[in-house]
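Going in written order, the chains are labelled A, B and C, and every chain counts its residues from 1.
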Amino acid sequence: MIAGLFRRRPARSLRPTVSMLVMSYGVLAIACIVSLVPFFYVLSTSVKQTRSLFSYPPDWIPETLFWGNYQKILFEHPFLIWTFNTLFVALAVTLIKLLIDAMAAYALAKLNFTGKAALTGVLLMSVAIPVAALIIPLFFLIRDLGLLNSYWALILPPLANPLGIFMIRSFIVSLPDDLGHSARLDGEGEFGIFFKIILPLIKPGLVVHAIFTFMLQYTNFLWPLVAIQDERKQVLTVGISSLKANFVVDWGLISAAALLSAVPITLLFIFLQRFFLAQNLAGAFKG
Amino acid sequence: MNSGNRIAEAEHRRLKASYKRRRNIVALIFLLPNLVFFLGFLLLPVISLFWQTFHDGGVLSPMRFVGLENWRKTFADPLVLTTIRNTIVYSLIAIPAVFLLAMIVALAMRTAQHGRSFFKAVIYFPTLQPVLIAALMWTFVLHPDFGALNLVIRIFTGEPVNFLGDPNLALPTIAMVEVWKGLGFWALLFFAGLAALPTEIFQAAELDGAGPVRRFFQHALPLMKPTFFFSVIFATIVNLQLFDSVFVLTDGGPSNATATATWYVYRSLFTFNEPGFGATLAFVLVAVVLVLTAVQTILLKGGGK
Amino acid sequence: MRIEFATRGNRIGRVGRLMSSKTPSLCRTGVASVLVSMGLAISIGTGAIADDHLSGDITMIKGPHSADEHRFEQMIIDDFADVAPNVSVNFTTYDWANMNAQLTTGFASGNPADVLYLVDLIYPNYIEGRALHDMSALVADPDWAGERAAIAPFAWDLATSDEGVWGVPVLGAVYNIFINKDLLEAAGVADTWQNSYADMLDAAKKTTAGDVYGFAARTRTADFAFWDWLPYVHNAGADLLNDDWSGCGLAGAGAATQHLIDLHQAGVTPAVGSMGTQEPFDLFKAGKIAILHGETPQINELLANPPAFDWDVAMAPPGEKGQTVMGNFGILSIAEASENKDAAWAFIQHWASGPQVGRFAEQVSLQVVREDIVGDLFADNPAMSKIQTEFVPRVKGIQPHPQILKVLQSIWPVAEEAYRGNLTGEETIGKMCEIIDGIVG
């Protein structure tokens, strides 16, 4: 079943015509250019010595490369601390969420219990609650717990989002029930079944979930902006936006920071690309 | 005989009940870690959000009961309606646009088989970037005097376009940035949906003499309903929360043309220190999203039957 | 003196422990304060100078006035080591655009920064919420009387309200105009442009040609565009609020607002809404703007990379009721929740002292409120010394009402519409007054 999801088998009779091929590659080429071109401007600004984003007239290709902005962001600003914070929080959220979502998904997919339909309904509906609307009560809650300005403030609230349960559930649902039955006959407990049999089988689903969660955390802006005051506990997104001094904006510095901040997530993306772009992403959302 | 049967029945019921209890306990153990967070950080906040709509203060000063004052202000404030309208208009521009473009890219990917993983990676790249960084890049591109896009536009029309400074263009421009950022995600999702379709359907359709366009609309599209169903609802939830790019690119301006609901919630709480009013706005937003999602669910499920 | 500090020191040790137990995250603060407490024990034993008895770990938060803010602050902190070697100061910044969110979060968390640099736009709100420490007793210390007297009385007025002193005034930020003298001369309006609003409009029209704009002011809410509008309001004898702060005080500012509308409708400015703070300044440096509303920290940039033309600083032409300059003031406050107020006060004294604040002001091109050092500052910076001596006496700031930021941000979208030609000056004022009365009425 899982293997089947990776299948890519074009039928011979469906060979596209030449004009369709030309059009398709044309579309993809345009999409690639549009996707990447804005990055070149940031790259170009980041290696310019001037503090002006907007030298006039614009010169997009600087004559001499200037690395001072990179040096400055790495050594004069808590950029590495921000990076560590971002990775730490995103990783913590991802790992915890992976476990608790997989467990809940297993219960919803394969276990029978009283009130299952009602719980599923409530969780499904809660997916639609816009988290951004909850910043005020969450802010009060985290404050009353004494957790403002701490990593916990960033880690705990995202754990509540039930979307991930349904992503993983769709993978578990597609597994045959017999797997569990035969294991139970062998005297295996539910935890054994979950950890030894189910989890290994839904690895692709777990990876998709993990990357999705990680990405959302990595790009999160509003909540860290609200929950963290101490610059040294801040995450990359808010940290970089704080580089914008109101009086003289150092665009080169901000550009260097922006590009550097894209490095970790891009590396992750490249390493896990196989899973990231796997065709089973759609399966994840059929829920 | 009779009584023995009854004992067996009672025993059966007892066993059944104990089995049920054990089953429930096992399920609870699996669910509990998640439910703790769900109850604490989602359900409880929603309830306390409702509670806060009748209160004010709470950040610097203690919370105090104000009755329906926040609700009165919410209905009296013309900016509230503006923010809801902006949010919905934005979603009506951004969602169809990104879906259409993503579908075109997905179909192109399906046809073009060489270098597919390269294309996927490049097109997905913007999705990985925080909106903040995306916004910074677009400043470089859109600016009337310096922006690269405007340098090109100027060659053709002589007049630059004030993308973010014109009240009529600012919201569509924000939508454009969000579409750029979301394209990779939706394209890959749709591609995955297309790739998961059984090839036999296309073969049968081609034997019927159906061209590529008809094949797509008559055969592929209906089968992708589950993907679309999820996509529309997910996109609605996400887009109605629009904040980051507004915050970075326009801060609600010009003349409140890009003031969105979430932006106003944020501003009420932090800039104006009016958490009760902000909570009321947020509650309205939650209600709007839930109603829209419910309507979509009914329409999409009903339409497919 | 010594004894007093010693008792304070004991209190601080307890405080350090309290603080570290409060923060469950990986907390450098806690570790550092323990280390510092150990250092304290040693220095008491060796009977070092008085200020050795100050110890602990304090945090200062400030919005950046320069991209090199951290470097400049570190200089001040390094010098503080000579004053109070056992106090470790941790400097962090807030983002100007989000200062309320970040500061409010800090106050709400019960663990705000000990020392806060606050501008007049927001501190009234925190005074009202009693988030700041009343420094009346501290600044009245006879040992500090000389320093207190060095700071201008008008500045103390700004930091005083509700019978409390809520901070030590340290810096002023003036919003000046930059002029490209070459462009103005070439258009034949070299000095005449600043005689009246009509002359200013005329000069803007005459200097506009090709890709050169005659005039530019900020227009967006996010860029605090109201700073560039307020001098014209003040010159007309009007202000945001009326005298007793019970309602709108903008009546009379219609003509002044109309002047700015005319400028933006005359085709002499960049497109309304297209420019932030930085972009027009970059255009100015390239010689593409004749008259530009800006801020004094930008002067440093002009000195570091001199443009290819003669430039000068100026104020807006006089209005019906006078000629004022817009300015903000910043104070150094102590958070009421700070558990190391003695170290915080010592650091504020250090920061506000002549040598420290003077060096910082020169580094970032801001104005000082200490009258004793004005004469020595900006010796090789004629633009700044002109601002300090000629403009600062004309400064008229904002009314420090707790909701003044809400007033400004709520009315500005009306001005944005007006600059686009959709409203007259009088209509603009009318609409703004409705909004203001709704907020403070």
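What we mean here is this: a contact is a pair of C-beta atoms (placed from the backbone, for glycine too) under 8 Å apart; a residue touches a chain by one contact, two chains touch by 3 or more.
The model shown is predicted, which means the values in this text are computed figures rather than measured ones.
Student: If you average the Cα atoms per chain, which one ends up farthest from subunit A?
Tutor: If we average the C-alpha coordinates per chain, C ends up farthest from subunit A.
Student: A-B versus B-C: which has more C-beta pairs touching?
Tutor: A-B
Student: Could you give the separation in Å between the centres of subunit B and subunit C, each centre being the mean of its C-alpha atoms?
Tutor: One centre to the other, that is 39 Å.
Student: Counting in whole Å, what is the centre-to-centre distance of subunit A and subunit B, each centre being its mean C-alpha position?
Tutor: Between these chains, centre-to-centre, one finds 15 Å.
Student: Among the residues of subunit B, pick out those that touch two or more other chains and give their numbers.
Tutor: Touching at least two other chains: 143, 145-146, 266, 269-270.
Student: Identify all positions of subunit A at which a residue touches two or more other chains, and write them in rising order.
Tutor: In subunit A, 53-54, 56, 139, 226, 241 touch at least two other chains.
Student: Residues of subunit C that touch two or more other chains: which are they?
Tutor: Counting only residues that touch two or more other chains, subunit C contributes 97-98, 101, 105, 108, 279, 282-283.
Student: Flag every residue of subunit A that touches subunit B in the complex, lowest number first.
Tutor: Of all residues in subunit A, those touching subunit B are 5, 8-11, 13-14, 16, 20-21, 23-25, 27-28, 31-32, 34-39, 41-42, 45, 53-54, 56, 58, 60, 99-101, 103-104, 106-108, 111-114, 116, 119, 123, 125-141, 156-157, 159-162, 165, 190, 194, 215, 218-219, 221-222, 226, 236-237, 240-241, 254-255, 258, 261-262, 265-266, 269-270, 273, 276-283, 285-287.
Student: Could you please specify the touching residues of subunit B with respect to subunit A in the complex?
Tutor: 20, 23-24, 26-28, 30-31, 33-35, 37-38, 40-46, 48-49, 52, 58, 104-105, 107-109, 111-113, 117, 119-134, 136-141, 143, 145-146, 148, 151, 180, 183-184, 187-193, 195-196, 199, 202-203, 206, 212, 226-227, 230-231, 233-234, 237, 240-241, 243-244, 247-248, 261-262, 265-266, 269-270, 275, 278-279, 282-283, 285-286, 289-290, 293
Student: Applying the document's contact rule, which stretches of subunit C touch subunit A when the two form their complex?
Tutor: Touching subunit A: residues 22-26, 28, 59, 61, 63-71, 90, 92-98, 101-103, 105-106, 108-113, 224, 277-279, 282-283, 285-286, 288, 295, 297-298, 300-301, 305, 364 of subunit C.
Student: If we count contacts the way the header does, which residues on subunit C are in touch with subunit B in the complex?
Tutor: So the residues of subunit C touching subunit B come out as 97-98, 100-101, 104-105, 107-108, 125-126, 128-131, 219-222, 270-275, 279, 282-283, 403, 405-406, 409, 413-414, 416-417, 420.
Student: Per the contact definition, I'd like the list of subunit A residues that touch subunit C in the complex.
Tutor: 50-56, 76-77, 139, 143, 146-152, 225-233, 238, 241-251, 253
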